[in-house]
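One structure is given below, encoded as structure tokens.
Per-chain numbering from 1; labels A, B, C and D assigned in written order.
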Amino acid sequence: MRIRVQSDVFDPGVELNAFSAAVDRAGAVVSFSGLVRDVDGGLQAMEIEHYPGMTEKALGQIRDEAMRRWDLADALIIHRHGALTPGEVIMMVATASRHRKDAFEAADFLMDYLKSRAPFWKKERSGAGADWVAARDEDEDALRRW
Amino acid sequence: MRIRVQSDVFDPGVELNAFSAAVDRAGAVVSFSGLVRDVDGGLQAMEIEHYPGMTEKALGQIRDEAMRRWDLADALIIHRHGALTPGEVIMMVATASRHRKDAFEAADFLMDYLKSRAPFWKKERSGAGADWVAARDEDEDALRRW
Amino acid sequence: MQVLYFAWVRERIGRPREEVQTDAATVAELVEELRGREERYAVALADISALRVALDQELAEFTDSLDGVREVALFPPMTGG
Amino acid sequence: MQVLYFAWVRERIGRPREEVQTDAATVAELVEELRGREERYAVALADISALRVALDQELAEFTDSLDGVREVALFPPMTGG
């Protein structure tokens, strides 16, 4: 399965190795992993809500678009939902190509689209309470690169 | 050690996880791994020669430059030399940042510089004999992006 | 049609989904109609620029027609990744 | 000074390094001098545009001075990554 939406934690290293092993002819593999980080101090937990049904569909469309635009042997998207704690992985993408440029650009593209076009919403809980993460204008702007 | 030049094989997944675990405040981690691939059929082995002493120095300079140019929590370069067989990992880079843009750009930069400015030379052995891999003009051109 | 709410839209309205009978022709008209129901709807849907909409699980515009649509979802800008 | 050869330059010359006594002022002059030694040097170093040079383990130009340099390395364009 090249699109996985799950509440269970996963191991990015194990996923990266399995992904690389499955692509025979592509020597360039790029991965991105997003981790829950307590950047400003005080973050206790993250809750990710999503739109079951649409999420899988949206991620599939984003992946299809990347496979069309770049010379990729494969592309993987894993995204968690539910309750996460600092240090845990939130999501990862991986791309494989014969050309490093394609692998890099496609992974970058997947991340830009996934940020603003896949139905996930993050809520952060700290000692001060819980707040929905605000979308950033720069994430919307990033889509214009493609 | 953030720069490793070694003949021993290594596990990209294990390295990725160890790298991610060591960066506390950076939620965005990008990795690139290069694998020996028998793209055209017939590749039996790869031999990588390098310039001991200069290699470590050149990789250290490339890493320092990336740390200066982007907002990175950390950057890792591992590159093998000696005899490699199809399917094996050749090298990897990993970058960690609070910002996914920095992590992506810095990893892309590390790869571009490492391709053309670090003293490694690849030789490929097939049934037809052994040949040094020719440098490609596009690799030299890629440096002008930065 | 089914109307679904996510994230703070869901929290403010106080439910994740409901069946709505409407003659609204567009999403914008539906939102206007929902705002008129109760204070919590008016609050949740006050600023259309802070909302996004999906029709039958595809991102859409507020000016889009509801003709043939079975599932409308209203939510804030997405923050995945 | 020590002169090092890598990849096909090393293979064509038939050795990885050697001590060279020279009055050459620049890398280009040193290469010219080496070419005059034997056929295998002339072949290996024939086309300077196919070569790269490092002086004391830093990439350099063929026009650079050898003043104070202890280690010169001649090799083809690098193909790491």
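Note that in this section a contact is a pair of C-beta atoms (placed from the backbone, for glycine too) under 8 Å apart; a residue touches a chain by one contact, two chains touch by 3 or more.
Please read these numbers as outputs of a predicted model, since none were measured by experiment.
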Least hop count linking chain A to chain D through chains in contact: 2
Chain centre separation (chain A, chain C; CA means) in Å: 26
Euclidean distance of C-alpha centroids - chain C vs chain D, Å: 71
Centroid distance [mean C-alpha coordinates] between chain C and chain B, Å: 48
Contacts with two or more other chains, residues of chain C listed in rising order: 81
Multi-partner residues of chain B (at least 2 other chains): 34, 90, 100, 111
Touch relationships between chains, expressed as pairs: A-B, A-C, B-D
Chain A residues within the chain B interface of the complex: 11-17, 20-21, 24-39, 87, 89-90, 98, 100-101, 103-104, 107-108, 111, 142
Of chain D, residues touching chain B in the complex: 4, 6-8, 10, 54, 57-59, 73, 75-81
Interface residues, chain A side, partner chain C - complex: 34, 48-51, 53-54, 57-58, 79, 90-91, 111, 114-123, 132-135, 140
